[in-house]
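The next part holds the structures, each set out as structure tokens.
Look for subunit A in each of the two complexes below; its partner is subunit B in the first and subunit C in the second.
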Partner chain A sequence: MFGLNWDSLWRHREEFLSGLALGLKLALIGLALACVIGLLVAFARTSRHQWLRIPAASYVEFIRNIPLLLILFFLYFGVPMWAFSVLPRGLADILVLDGENTTIVALAIYGGAYLAEVFRAGILGVGRAFIEAGRSLGLSGLQIARYVTLPIMVRTVLPSLGNTFISLFKDTSLAMAIAVPELTFVTRKFVTDTFQFIQAWTVAGVLYLVTTYALAALLRFLERRIRWTV
Partner chain B sequence: MNPVIEEFPLLLQGVAVTLQISVLVIISGSIFGLFGGLGLLYGPSWLRALLRGYVDIVRGLPLLITIFIIFYIPPALDIEVSGFAAVTVALSIFAGAHISEIVRGAVASVSRGQNDAAKALGLTFWPRIWNVILPQALPAIIPPWTNTAVEMVKGSSLAYLVSVSELLFQTYKVVGRTGAAMPLYIAAALLYFAINLALSRAGVLLERRIRYTT
Partner chain C sequence: MDNSTKAFTNRRNLLQGGAALSGAAVIAAGLSPRAAMAQEAGQSRLQQVIDRGKLIVGTGATNPPWHYEDADGQLIGMDIDMAKFLARGLFQLTDEQLANREEWSQRLEFVVEASDARIPNLVADKIDIVCQFMTVNPLRAQQVEFTIPYYREAATLLLPADSPYTGTADITGHGASISALENPDTVVMVQTGVPDAEVTSFDSPANAVLALDSGRAEAAVSDLSTAQYLTKQSPEKYKVGIDSWWPQTYAFAVKPDDQRWLNWVNTALHELLVGVDYAYYQDAFLQHFGVELPPPAAGFPVEYK
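So, the complex of A and B:
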């Protein structure tokens, strides 16, 4: 097609597809951890106690205003260097993560800050009447959070959760900077081996596009399928 | 703390490049986005289809892929592209797509009656857009526009991957030489934070000003 040679690309198809799968895997685990961080931070931000609100707000504001690539570098290059010079050996080893785990942690920290905002809006959107009903039943603050706020909030934040997953998936492309063999890394490696710039980047672009749109369609379908009874 | 103070001039050189990329991108992205958004609403159907394709493709791709496509493909066709140019163009295309959607949404939310009234007064298309519709759409444009601008400052860090000496690349180089990773990365993070905080605050001030006059 177009007078270009597509054979070697076809021969490497498995590397490209496993790169894509790795990106999805990293994004999914990252999202799961980001949800945990996001939930804790969102409840902290809506808490009555200032000593919880201020650190939570600072975390969200700080992380949302710095680049993800910097977080990756900080975790991958900065933390190990510091750990080995300051901490005892056994403790330092725990903090040294490989590329994939670094990416997961970075996505969790980064996505957590965005999800905290989403969840906070969800928490604030739960009507006062529900909270008061919970209180009049004699539930404690934690019980209200667990049995009243959380189940109602989950329904409103679901669409944003899907969008966050898609953007985290796109963000996994940055993991190439720390040599994680996801799709972008595979493509760049292929390009430096074969010099088939046009074919390789076109294919990578199409793979990303198809995946993000398939995910978006799937999420819309799921949203419509799930009929919540409030 | 010493290495940060000693190497601060180098970090500031990086900040200068980061700001240069960001300012160029925000300006060109806003111009693309303004006309893109208006084209999505009022253009003839072929233009609407073209812009829809552009916006949806760019928003579905990771920014890094857009950068690499622009960095690697033209040289294969014998067109020289510097890393700086590739990043600036890629980010502008990216910002343009996002701002197009923002402008489209905001302009569409201005009530139809305003457009009809302006028509009844005999205003032609551009005066109608410029003097009647856009001033009313602006308050809805500014907050997401500020977010996009912040995303672009953060996105300029990807220039590291095509060897442009912006803030992250400068930090990386200095870390390699001094070995003081922790303080330098924290300093870089604070510099990014400061730039973006200033940008967000400017957006809030601008929004407040505009809300009062309309």
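So, the complex of A and C:
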């Protein structure tokens, strides 16, 4: 097709697919952790207590305003430099993560900052009436958060959550820079070896496109399901 | 300094006296309007360059110690010094002129190009010669003509200064983690030197070295010249492995079918490497690689040994 040679790509199909699967895995675990971070930070940012609000706001502003690649480099190259020189060897070995786990942590920290804002908007969007209803039932602040705010918020933030997931999945391509064999790394390696850059990047692009499109469709389906129950 | 080297230096100074005179003649010729005229077809590039009064060299700007920018954004490096040497030979520049950028840059112009533009720029007559750590291979030799080599590159281990290892012999057998630049055959290349290495390949040489700095890799495999350069910059941080492998030849390249120009560059290079201009090469080598070369043995020509 197009006078291009697709045979060698086909021979490397397993590397491309395993790169894609690895990217999805990293994004999924990263998102799960980012959700936890995001929720905690969002509640901290909407808290009455200043000692919770200020660190939470600082975290969001700091992380949102630096590139993800920088976080990756810092975690992958910077942390070991510091850990191996300062900490006892055993502790340093625990703190120094391999490329894949570094990527997961970086995605969690990065995605967490974005999701914190998403969740915060969701929390602020929960009507006062619901909160007051909870209070009049005698629920504590924590109970209101758990049984009133959270369930209502989840429905409103689902579309944004989906967007963040798709973003994080595409961001896994940056892990190439720290030698994680996800799809972009595999593609670049293939291009370096064969110089068939048009074929390779086309295939990588199509794989990203099909995957993110399928993810978006799945998320829309979930949104519709949940809307029925409200 | 032994006697043979002294004789060398003296003869060099003697030659430069004459060179200054003829240099003045060439500069005078260069000022005439003829120099700016279009080149005659079939004329050797050697004559074109002399008539033009300026050598145009294709090189890069991002690969220390070969060609890179200093703090002022000016090109420096081994390739840059090699190009200056050619300009010196073409236009009889004195040491004072070579030391002064204002002076020599009237006789030497650099066209900064990416590595993959080396051959196209040469073929399209945008440059007279490529001085850009170009690796000789038979495929490229079909498209350009290579001069005689001016450096033999190889792969070597870059090790932390306090590493227990010294080279491939003692690091082999430990399943050492080794970082390297992603290239075709990176793993094969590394494992040719260290068969049981666990190879991690990075997208830039800087990241491969950073992996070493951060303790993620026990050694980095890099070009010998890069390893020597880094070790010269930070001897407290690095040391170079005692052996090397995976040789490749660096040479200049010129457009094909101009024997006169090729011969002139080859002759100048030959004298640079083993002849009257050896001290220039020795100085550049020491400056960029931190290694002091012994002078070529007198008597039987070393290049035939």
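Note that the second predicted complex is superposed on the first by the 226 of 230 C-alpha atoms of A that agree within 3 Å, B and C clash if a C-alpha of one lies under 4 Å from a C-alpha of the other, contacts with A are read in each partner's own complex, and residues count from 1 in each chain.
Here, contacts are C-beta pairs under 8 Å (C-beta built on N, C-alpha and C of every residue); 3 or more make two chains touch, one makes a residue touch a chain.
As the structure is a computational prediction, the values presented were derived from the model and not from experiment.
Visitor: Looking at A:F77, would you say it contacts subunit B, subunit C, both, or neither? Reply first, second, both or neither.
Guide: Both partners, subunit B and subunit C.
Visitor: Regarding the shared-chain residue A:L124, is it in contact with subunit B (first), subunit C (second), both, or neither?
Guide: In the superposed model, A:L124 contacts neither subunit B nor subunit C.
Visitor: Output check: A:A177 vs subunit B and subunit C. Expected answer is one of first, second, both, neither. What do you get?
Guide: A:A177 contacts both subunit B and subunit C.
Visitor: If you stack the two complexes on chain A, which partner ends up touching A:L91: first (subunit B), second (subunit C), both, or neither?
Guide: Once the two structures are laid over each other on A, A:L91 reaches no partner at all.
Visitor: Given the touch rule stated above, what does A:V36 touch, subunit B (first), subunit C (second), both, or neither?
Guide: After superposing on A, A:V36 lies clear of both subunit B and subunit C.
Visitor: Looking at A:L209 after the superposition, I want to know if it touches subunit B, subunit C, both of them or none. Which is it: first, second, both, neither?
Guide: The answer is first: A:L209 touches subunit B but not subunit C.
Visitor: Please indicate which partner A:D193 is in contact with in the superposed arrangement: first for subunit B, second for subunit C, both, or neither.
Guide: second
Visitor: Please name the chain, subunit B or subunit C, that touches the greater number of residues in subunit A.
Guide: Result: the larger residue contact count on subunit A belongs to B.
Visitor: Once the two structures are superposed, pull the subunit A residues common to the subunit B and subunit C interfaces.
Guide: On subunit A, the overlap between the subunit B and subunit C contacts is residues 77-79, 81, 176-177, 188.
Visitor: Mind listing the subunit B positions that touch subunit A in their complex?
Guide: Checking each residue of subunit B against subunit A gives 57, 60-65, 68-69, 72-73, 75-77, 150, 154-155, 157-158, 160-161, 168, 171-172, 175, 179, 181-182, 184-186, 188-189, 192-193, 196-197, 200.
Visitor: Enumerate the contact residues on subunit C facing subunit A in the complex.
Guide: 179, 182-185, 200-203, 207, 210-211, 213-216
Visitor: Please give the residue numbers of subunit A that touch subunit C in the complex, ascending.
Guide: Touching subunit C: residues 76-81, 84, 96, 99, 176-179, 188-189, 192-193 of subunit A.
Visitor: Touching residues of subunit A toward subunit B in the complex: what are they?
Guide: For subunit A paired with subunit B, touching residues are 61-62, 64-70, 73-74, 77-79, 81-82, 170-174, 176-177, 184, 187-188, 191, 195, 197-198, 201-202, 204-205, 208-209, 212-213.
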